[in-house]
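Each remark here refers to the structure printed beneath this line.
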Amino acid sequence: MPRILLLNGPNLNLLGTREPHIYGAETLDAIVQRATEYAQSLGIELRHVQSNHEGALIDALHAARAWADGIIINAGAYTHTSIALYDAIRAVGLPTIEVHLTNIYAREPFRHQSVIAPACVGHISGFGAHSYLLAVQAMAYLLQKPAEQV
Amino acid sequence: MPRILLLNGPNLNLLGTREPHIYGAETLDAIVQRATEYAQSLGIELRHVQSNHEGALIDALHAARAWADGIIINAGAYTHTSIALYDAIRAVGLPTIEVHLTNIYAREPFRHQSVIAPACVGHISGFGAHSYLLAVQAMAYLLQKPAEQV
Amino acid sequence: MPRILLLNGPNLNLLGTREPHIYGAETLDAIVQRATEYAQSLGIELRHVQSNHEGALIDALHAARAWADGIIINAGAYTHTSIALYDAIRAVGLPTIEVHLTNIYAREPFRHQSVIAPACVGHISGFGAHSYLLAVQAMAYLLQKPAEQV
Amino acid sequence: MPRILLLNGPNLNLLGTREPHIYGAETLDAIVQRATEYAQSLGIELRHVQSNHEGALIDALHAARAWADGIIINAGAYTHTSIALYDAIRAVGLPTIEVHLTNIYAREPFRHQSVIAPACVGHISGFGAHSYLLAVQAMAYLLQKPAEQV
Amino acid sequence: MPRILLLNGPNLNLLGTREPHIYGAETLDAIVQRATEYAQSLGIELRHVQSNHEGALIDALHAARAWADGIIINAGAYTHTSIALYDAIRAVGLPTIEVHLTNIYAREPFRHQSVIAPACVGHISGFGAHSYLLAVQAMAYLLQKPAEQV
Amino acid sequence: MPRILLLNGPNLNLLGTREPHIYGAETLDAIVQRATEYAQSLGIELRHVQSNHEGALIDALHAARAWADGIIINAGAYTHTSIALYDAIRAVGLPTIEVHLTNIYAREPFRHQSVIAPACVGHISGFGAHSYLLAVQAMAYLLQKPAEQV
Amino acid sequence: MPRILLLNGPNLNLLGTREPHIYGAETLDAIVQRATEYAQSLGIELRHVQSNHEGALIDALHAARAWADGIIINAGAYTHTSIALYDAIRAVGLPTIEVHLTNIYAREPFRHQSVIAPACVGHISGFGAHSYLLAVQAMAYLLQKPAEQV
Amino acid sequence: MPRILLLNGPNLNLLGTREPHIYGAETLDAIVQRATEYAQSLGIELRHVQSNHEGALIDALHAARAWADGIIINAGAYTHTSIALYDAIRAVGLPTIEVHLTNIYAREPFRHQSVIAPACVGHISGFGAHSYLLAVQAMAYLLQKPAEQV
Amino acid sequence: MPRILLLNGPNLNLLGTREPHIYGAETLDAIVQRATEYAQSLGIELRHVQSNHEGALIDALHAARAWADGIIINAGAYTHTSIALYDAIRAVGLPTIEVHLTNIYAREPFRHQSVIAPACVGHISGFGAHSYLLAVQAMAYLLQKPAEQV
Amino acid sequence: MPRILLLNGPNLNLLGTREPHIYGAETLDAIVQRATEYAQSLGIELRHVQSNHEGALIDALHAARAWADGIIINAGAYTHTSIALYDAIRAVGLPTIEVHLTNIYAREPFRHQSVIAPACVGHISGFGAHSYLLAVQAMAYLLQKPAEQV
Amino acid sequence: MPRILLLNGPNLNLLGTREPHIYGAETLDAIVQRATEYAQSLGIELRHVQSNHEGALIDALHAARAWADGIIINAGAYTHTSIALYDAIRAVGLPTIEVHLTNIYAREPFRHQSVIAPACVGHISGFGAHSYLLAVQAMAYLLQKPAEQV
Amino acid sequence: MPRILLLNGPNLNLLGTREPHIYGAETLDAIVQRATEYAQSLGIELRHVQSNHEGALIDALHAARAWADGIIINAGAYTHTSIALYDAIRAVGLPTIEVHLTNIYAREPFRHQSVIAPACVGHISGFGAHSYLLAVQAMAYLLQKPAEQV
């Protein structure tokens, strides 16, 4: 049974309480619950880590080398600044999908650039919490492709 | 039964024959066929238009006002230059999803900017032909949300 | 009796139905009707072409060499990107007035630059459909000036 | 009877004597005379102020709050640099039309940007002294529109 | 008894009447009155000058050399463009505090840069009319420090 | 009795020992002591957190939602780079004042931009340790204003 | 007998009548006639397409896959803006030579960049209509080189 | 006997008292005295105007049309920002020499650009008060050249 | 016996396993072992800290004030973004050498800038693990120079 | 019999031995031999100069004024930096053709700009050593045109 | 008797024959002759060096350390690119005056920046060959000032 | 016995006499003497070339192909501008180490970029004359590595 890491970055722990007109009213726990169940329904085990610490996110990525088959990451604001996360994704070498709740290209200019994007396989954004489910669906697809095609 | 327009821009008619190491070996017909069937399985009718003409893409968007409930668009190279398409998507006012076969953020710098992105609800890229299926899945989700939430 | 071409670019066919809080509620047909009658009252024949195709706009400009004495152009989004239209206006060599419904300098930054402006005699923007009438009035003035002053 | 302020900025007092191949051979007095009469013919009283002092132009704008219904401004070189004039137009809150004798977009790059444009309703440029008459005509139109439409 | 110059730049004379949702509803006279009384309560004499003329602001700064011990300046829009004011503050050599009613960093990009900031000791912005009182408080602190620490 | 969080970022723990010609010779403990007493004198309880970890600063901001009425933040070098802190301040939603010991606009260019400024109510910089007292004074003012005015 | 496509973009149909001081007095028909004969003398069949429509140029490039051995392209103004043409040249995969009548590097800055250049084998510009003959000569050379050297 | 205007801009009235390590210890009066006498020794009458008001400098330039044969200008900080002065020099049409006390290219970056330079015949900077004498010497040379060579 | 801190930043813990074609196949432990022994042979004690946490790196730098005589730092990706590390190195005040395994100037553009470089004495990059030995050698040299020469 | 200078810049003496996958395996001597013979066959005498010294290239251009009728130049890396060569070509005033072995627009960004291009009649690049023959052919064409057409 | 080096850079040997409408019709020999005599009349010996080689100009600057008291330099096109000349002027340490025949600020943008200017005492440009005489006059002034004032 | 070229660029011949506070008081001869002896102690023959001529540096690099096994280069100011040197290093193909006396990243911005860096194996800067010894040590390491690892 394949296993994937769902990694959430800074401020995402406030989901549901933080600016709901932008990010929606569902809490992170509820969203993770939904994603975990959906993954399970596709035969995938999903483990979740959230941290506001860039270093802790890197540590979690490193640890994933020992157990995970793929990574879904919403790096929050670190998306736009963290070369260290980019390097970590590259170094870990697992297929990685970048996710955002909002359409980052319709927001402030400093959110238009994703520093980690070139290290990821694909990108899904703008569908609110549903973005996570789409990413799980996409990961299921990637994991059943022969390795050399990823 | 909701109906959606799948719109493909310049050079996508060559899919399967053009630089398969970048874009994959499946033809556009085969991909559209798969997407149509997948849409059908979700109770959605999908109609397809492809053109190399920016104006024809705009015309198709305008026409969609009369019959469609949503739009999935892969604007190809016009993604990066066409304010006219951006205006057309805005003017048409239907929920629109931007799709790309490749992860445009891992390619040449001139492909990193999407001019049409701010007019779209969400963005899916990097999963090859599977990006279209994810977009159909996402559109199904959008169309069942109450209108005021879109 | 002098004749002028009124040329409208992409998405202007949707006038009256598209984002009326920005562009007003009058249809393009109604506006052209008003402009035609106003031109007539000044002894000028006005012919109208609208297209969403950049190439078709260039074709119409070329054709105008055979019959027109001046051009009023609202190039829509192509205003900001089309060097080809700039070249066409230069090549045609007729006095040309650039028109916009809105004050493009009070909108998104990408609308602040007009690529075609340096090829035009003058510029009128921000008065809604009335911009067209002012342009007709301005063209009447230009056409009665001795040629070497244009 | 509505009243409008016609405001001319630095160096415009030299009109008719300064670089006539660029700005034309008519003096500012003659132009103002023509504009005043044309306004009168439309039932509008036009008062004129010219100054080379940025501060004096701001003072005149402030004073207009007490008596004017609209403003036509050719801010000359201050067009391209004066945030203070931009603020003044905004603060005064009267409908304001930006005018230029020449097509500023066909001249040196530093003339392509108008700092005051976003505070104005509309923009007319490139028709020589006739630009002022078109602006009077445009103002007549604005002043008879219901207030909430301006 | 130490004396300070309170200098207000362009458009600040309209305070209370100009865009109250941005700048507040209190008039400049009332604010100056409050600041003067507060200064007095701290044993400081405050004199006020307001002008829309950049040159007049420079003249006032020069004159302050003869009588003042410190300067509080809200240069309005000249904040963002006037190297001449920067030079004047430097030349005068008195401790100077920059003040703004609004948080200029939360507004239009052209308000984010203060040309005069590097010539000032400190900066206070965003507290409405209360910014002036904080500046008076800060100046009281600066004036009682031994001169070599300023 | 209102309560505020005083948050200090990286390297500020070295105050008094680090480059005293720039930052002054008083230790952070002494400064916090003074600020706490001054706050108390105004009827405000001040709690202090310092960390060199960006993530720990975010955690402290999140925690403040449960107990604080306002925030005073000197984010040190993270001021210039941390979108995550900007997001955290926005998400927490308490009135926040940005403070700096030095006038950051008179230093290296990379210190001229504050990424967090647009999320704050106001900004005080350049008065050394006294900046903190002015911020406490400003916060006292903000907390007694009716909520809708903040 | 090898066959090549000569593709001319927007406004080139006006050659001979458009700004002859820049582009020369020979018509496009005459130039194509000369190029065709010269190609024939080198044992090459040359077919010509001109269009003002970006989409039609792409269509012609796609069609060339079925019959041509090489492409000579003067994309006119689309040279500077069309990523779609760049993609089309790449996708078609035939050896392509970029041609310009004028030395585009001695003209306006916006003509200095060729978006399509990186997709072409070589570049010839500045020799007026003779540029086409040089390109035919160059293509003759390319077509007789062993395929792997192209 | 030829006559020239010596025009000094903002803050130059403080010469001798302002930052003498940068600008020298001689007062403006003393410098003007020296320049006047030196001009006289070359058979030239020199009249001097100093103002901190941009508008007053423009007025003085305009007035010079009636009596002067040449202009020497040290525009101070307006050198770097005033398009209005550039326009005024152009409009006046007299041979104009730009002077600076310091080498502006060895100072802050914002002093490296002279907006008025392209309107002047020549440029002398870096020789302290002696720059004025060199400019008088240069003007004497210009005024004895046949007019068409200027 | 002098003591130095060897500080390694994010992702360097993966050395030997991460992209060995770029970073080499030796593990961090082995490299540190070699550097420690080499330092010992030069009469220097070397202590090593690695962390993926920017804050932990700053803490380690602060702690070094109590025991170390010099610092060798490979800040990994934080090299390019961390003003906080730059401030920490400045604040600590010990001679510091910047080291990189690869030639960062031959890699992606975002690796060309080192934010911390201006706070360091010198820079060594491009020699793989041997870079560390060269840095130890260089530090030995720095530590035997009289203090005022550093 | 017309005479032309073929001028080759830095590192071109290494042709055939330097990076043959980029520049080809033919030596400079062999290429010059071929170009000389081809020129002879067209009735043109070709003289060749190569130098790695920018100054020597300028000297050779100056010397050509005494004997040559045209210039073919491959300035190597100086193409991208040498304003002095640009000035020399302008000063010499002979028709000059810029040549490159490779398509410089498909290489590193710093090779995309040619500083000397605006001083040349035309540009040929991307055809390897054959570029020189095309340039000789083009020069033959230029030299038989009436002088005023060049 | 003080001695100065007059150093002329690339292409200045062509003076009088090169683009006389820009640079004048006098040869370099004649200009140097005039400058030498004028220097002599002021009690200064002037020696002249011209070279098109950047390295030779540096060599001449180095040599001047042994015999010269000051330097007048017209570095031609190297003015805009040569950091090596900037370093050489700095290293030589003699008072240096930058001279240009034309007003470089009224020409192409790439001539607006002088890389060597910050290493020079002053700058004289725009007076044709007379610029050299003014520079000799300025040098005479500099050489009689007490050393510490230079 | 391996042999290496030590190449020094412009102004380095002045070492010891030029700005000793920046570059140190040791002459180039003394430094080269030390480096030669150190190389000898490592079994390496070191030959030295210094020139102020860019072309001569390129010539020396080319000549090194015939006899040297590695190159140590301090290109002085050409470091920041010379693409020709970059090309020469690439073309020569020997392992090359870039050296600087000073930490170029702590100096003027124009010294922060090294044009030649991407062609070099590694980079050592900031240790004064000791930088050369470190480079010799590094080269000894490179030369004993198996060739395919360089």
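We call the chains A, B, C, D, E, F, G, H, I, J, K and L, going by the order they appear; numbering starts again at 1 in every chain.
In this section, a residue touches a chain if its C-beta (ideal position, glycine included) is under 8 Å from a C-beta of that chain, and two chains touch if they have at least 3 such contacts.
Predicted, not measured: the structure shown is a model, and the values here were computed from it.
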Handout entry: Given subunit F and subunit K, the chains that contact each of them
Key = none
Handout entry: Required minimum of steps from subunit I to subunit J, each step between chains that touch
Key = 2
Problem - Chain pair repeating B-G, as identified from I-L, B-C or H-K when over half of the contact pairs by residue number coincide - result: B-C
Handout entry: Same or different residue numbers at the subunit I/subunit L copy interface, by half rule
Key = same
Fill in the blank from the handout: Here the gap between subunit A and subunit F, centre to centre from mean Cα coordinates and rounded to Å, is 32
Practice task
Report the inter-chain centroid distance for subunit D and subunit F in whole angstrom, where each centroid is the mean of the CA atoms.
Solution key: 47
Fill in the blank from the handout: CA centroids of subunit C and subunit F: separation to the nearest Å works out as 55
Fill in the blank from the handout: subunit F touches at least 2 other chains through residues 53-56, 81
Fill in the blank from the handout: Chains touch in the following pairs A-B, A-F, A-I, B-C, B-G, C-D, C-G, D-E, D-H, E-F, E-H, F-I, G-J, H-K, I-L, J-K, J-L, K-L
Exercise for the section: Can you check the complex and tell me which residues of subunit J touch subunit L? Expected result: 9-11, 13-14, 17-19, 51-56, 76-78, 80-81, 110-111
Completion exercise
So, in the complex, the side of subunit C touching subunit D is made of residues 97, 103, 105-106, 112-114, 117-127, 130-131, 134, 137-138, 141-142
Handout entry: Footprint of subunit L on subunit K - complex, ascending
Key = 53-56, 58-59, 62, 81-84, 86-88, 90-91, 115
